[in-house]
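Heads up, the next two complexes both have chain A, just with different partners, chain B and then chain C.
On to the complex of A and B.
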């Protein structure tokens, strides 16, 4: 699996980890990782520490995740993006939309 | 001379007389002393007379021979003196004129070059002012596109472009989501169709059974057999229809698969080139900012420098007043030379008026000398006063 998710209901937390290539082929898996989670005020964490490549569809997927999070009044944090990935996130001005922790 | 000789003789004979008298008559010491005193007086008066004669040789007309020799010598000396003075005056005059013209030429040249420099400096100042005006109007006025505004504009455009790409991706993915849901719906339609097919098969079976039962009933079941046959043909028709629907939906699924492909292409744009462009853009932005800052600083420095150049030029122009002072100095030097010339002229008259007495001519010379000496002294005094007031007073541009 290129996308793995880890839900802990007790902590109201879901951790999604994406492997090296974050592109269109993952969209189904990525959506499945969070779509079942419909609890309100959930904390979403997207771990990009292992991700090396990202295309625009990845950004689109993150935006869809953001929409999902907003719909259920949760929070979204992107964790440990690499330099390249962080650059892409900066160009997309994602730091204005969500928290990026390095 | 003659009188002194007589006196000498008289004194000599008197003293001899006295000595003889003394030796002869054995007179007293007092007389002897008087005699010695007389001798001393005689010698002294003789000496006095000689000295007076040497000192006032011009006024003494007694010694004709001596005075003749002196006149010739004086003429010669005065001639030589006049020659010497004439030559010196010529050289000094020539040098004075040369200096004057040199200074005038130099000052004209320097003054012109200073004026030119002043004009250039003014031009430079104007250019700098317009430069400052331009560089400061960049931000307020968008009418003149600059590199900075262009780059910032391009940057904004790029950001908008990135935003559009991401939004397209997002919408495409959303579309894909809906498509996937639609495919799921199609699958459930297939299930429903299968159920309908089952129903048709069962109906077919039932119709078959009904036909068998109708045949067994014989003549009485003849009408029922017709109905059973119709029902069977209906079930076959519904099976065919089912197959058609299945085919259509399969086609739709194929089209949806194609749709997915194109949506995928739409959603996944490679960001690498955008990333590079963005990097280049920010690099350029930094560069432009640096250049702008540097330019602005340089322009400011220039703006400070230009008035300084102006001041320096003005100072130079003011310093050119030395020409005026030099000319004054040269002029007074010329006056001094004129004075010497006047003396020289008097000396010339010695030659011309040979018949006049040397004494008279010398007197004229002496008077002239005194007169010129006083004139020169007066002029010098006036000049030094003037110079002091010059150095003390403010010097204006001319």
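On to the complex of A and C.
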């Protein structure tokens, strides 16, 4: 699986990890990783440390995740993007839209 | 589709045994087929080419050419149609089954079989074949629709661009539709607006937003809206139009030959560049805002980047497709390859061709994954024709004075607008005024000069009157961006000012005469005033020396106006613009 997620109900946390290529082919998998989680005020972390490549449709998927998080009043943080991935996030100025921790 | 299924279907039977042929023929005819017979593989292939049957029944062991070879050849000819082929054999072995599939057979039928089993087999294979044909037809239809839509979209988008011959362009779409668009349009004051944008994804899905963006960009540019107004409007439009995961990365540029400056707003594209005449990178324009269509409003702390430019320089914009091209080894083309190719191109006077050649060499036989776009804009030279026109437009009829004196008494209409405090920083009155004029008097070439006059008078009243900016700031080359920064700062303050009320009042009166007309323009501001004569005197001096950058606005207005009179210490200006219809 290229997308894996790990929900910890006690800590109100969900951790999503995307491996290698983050592109349109992961659309459904990526959605499935968080769409079941409808608890309010949850803390979402998207770990991109294993992601080697990301295209613009991946940015779109992150925006959909952000919508989901906002709808359930949660928080979202993007963790440890690699240099390549961070370059793409910077060009899209995503740090203006969400928290990115390196 | 109906025609296809109502025709009598043909079946080709290839078998060296005439009794087998006769038996299969009878069964096939009972099913409504017209039957063609061949007694060896080679003959079978010939008959296939001649009759293009809907179904082939093939024996395996035959003289001259066996069934496997005949099947291979037939499949080689059948091209786009499925042409189902069934092997008929008494060899009930695993190997026969595997070989027949390898040779291209779609099914195998082992003798002996009952007529019912045979007919069932034919039906099932024909069902698959029909389905295949349906898919093929749909695919063809879709392809035609897509080509038509693509043609329409590119007609709307590219063919109406301004100065196509002057602006260098690379545009290569990964699929039939490109998510990339390139627009150029001329402002009423002669500035050039250029947009390079990239919608998320590819194909029709990525092209939907292209038409509204194009229309908005063109209409607002033509009406004289500022670059930032246009960016804000396109963002608003796309925010409502596009689904949440679709967005538009774009870089907007306004080049003013007159101010020798470029204004850039990069929302989500890779760095834009200014290359100097000697091919050095003079400026980078990094992305300063998330792509458009994501946020309901533009971020408020983001400003246009302003840089000064020289006539021989080039401004270059690219989409990420160029940087992300990969070669067979999986390496990215990358920024440094691109910059080098562009520099060499700058020296050879053809950036687009040079970058394209370099890209092709780099990726060799690899196919491109993303749309590839580049625009190369020369910083001058695209408005030669316009300036000639403008000179013709201000031709003043000899008889105007007496006529004017007569009409001066009562204008046919007048119009008055007063903007105060915060509105001075948020509202651009010029497009509003031009709209009014167009609504009342209709469109006309002579309004272009009026637009320039109004813009310059309003900017003077705002910058030097209300904001009390010193135009000497603009004198140095870097001063222009410094001036622009100071201006934004003071505009910001206007919104919170508790002092006296600041205002600019603009009043228009229109006097028609038989073959032209006169527009009387009065502009009053709340500032302390400035020494207009000094500015003008300096200008004439400066023009001779060819060095000064500031104050050209008033000089231009002076040339375009019939009368220009600054009063009340420079806080009130009375201007009149006269035109004469050259068409009789």
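As a working rule, the second predicted complex is superposed on the first by the 102 of 102 C-alpha atoms of A that agree within 3 Å, B and C clash if a C-alpha of one lies under 4 Å from a C-alpha of the other, contacts with A are read in each partner's own complex, and residues count from 1 in each chain.
Here is the rule we go by: contacts are C-beta pairs under 8 Å (C-beta built on N, C-alpha and C of every residue); 3 or more make two chains touch, one makes a residue touch a chain.
All of these numbers come straight from a predicted model, not from anything done at the bench.
Chemist: Is A:28 contacted by the first partner chain B, the second partner chain C, both or neither?
Modeler: The answer is first: A:28 touches chain B but not chain C.
Chemist: Report for A:45: first if it touches chain B alone, second if chain C alone, otherwise both or neither.
Modeler: Neither partner.
Chemist: Is A:77 touching anything from chain B or chain C once the two structures are fitted on A? First, second, both or neither.
Modeler: Touch partners of A:77: none, neither chain B nor chain C.
Chemist: For A:57, is the partner it touches chain B (first), chain C (second), both, or none of the two (neither)?
Modeler: A:57: touches chain B and chain C.
Chemist: I'd like to know which partner A:7 touches here: chain B for first, chain C for second, both or neither.
Modeler: A:7: touches no partner chain.
Chemist: For A:96, is the partner it touches chain B (first), chain C (second), both, or none of the two (neither)?
Modeler: second
Chemist: Counting contacts the way the document defines them, which residues of chain A are shared by the two interfaces, the one with chain B and the one with chain C?
Modeler: 24, 55-57, 59-61, 63-64, 88, 91-93
Chemist: Give the list of chain A residues in touch with chain B in this complex.
Modeler: Interface residues on the chain A side: 23-24, 27-28, 31, 54-57, 59-61, 63-64, 84, 87-88, 91-93.
Chemist: For chain A, which residues count as touching chain C in their complex?
Modeler: Listed in rising order, the residues of chain A that touch chain C are 24, 55-57, 59-61, 63-64, 67, 88, 90-94, 96-97.
Chemist: Spell out the residues on chain C that touch chain A in their complex, using ranges where they run on.
Modeler: Where chain C meets chain A, its residues are 198, 200-201, 244-247, 249, 267-270, 286-291, 294-295, 299, 320, 370.
Chemist: Can you list the chain B residues touching chain A in their complex?
Modeler: Of all residues in chain B, those touching chain A are 159, 162-163, 165-174, 176-177, 180, 264, 267-271, 274-275, 278-279.
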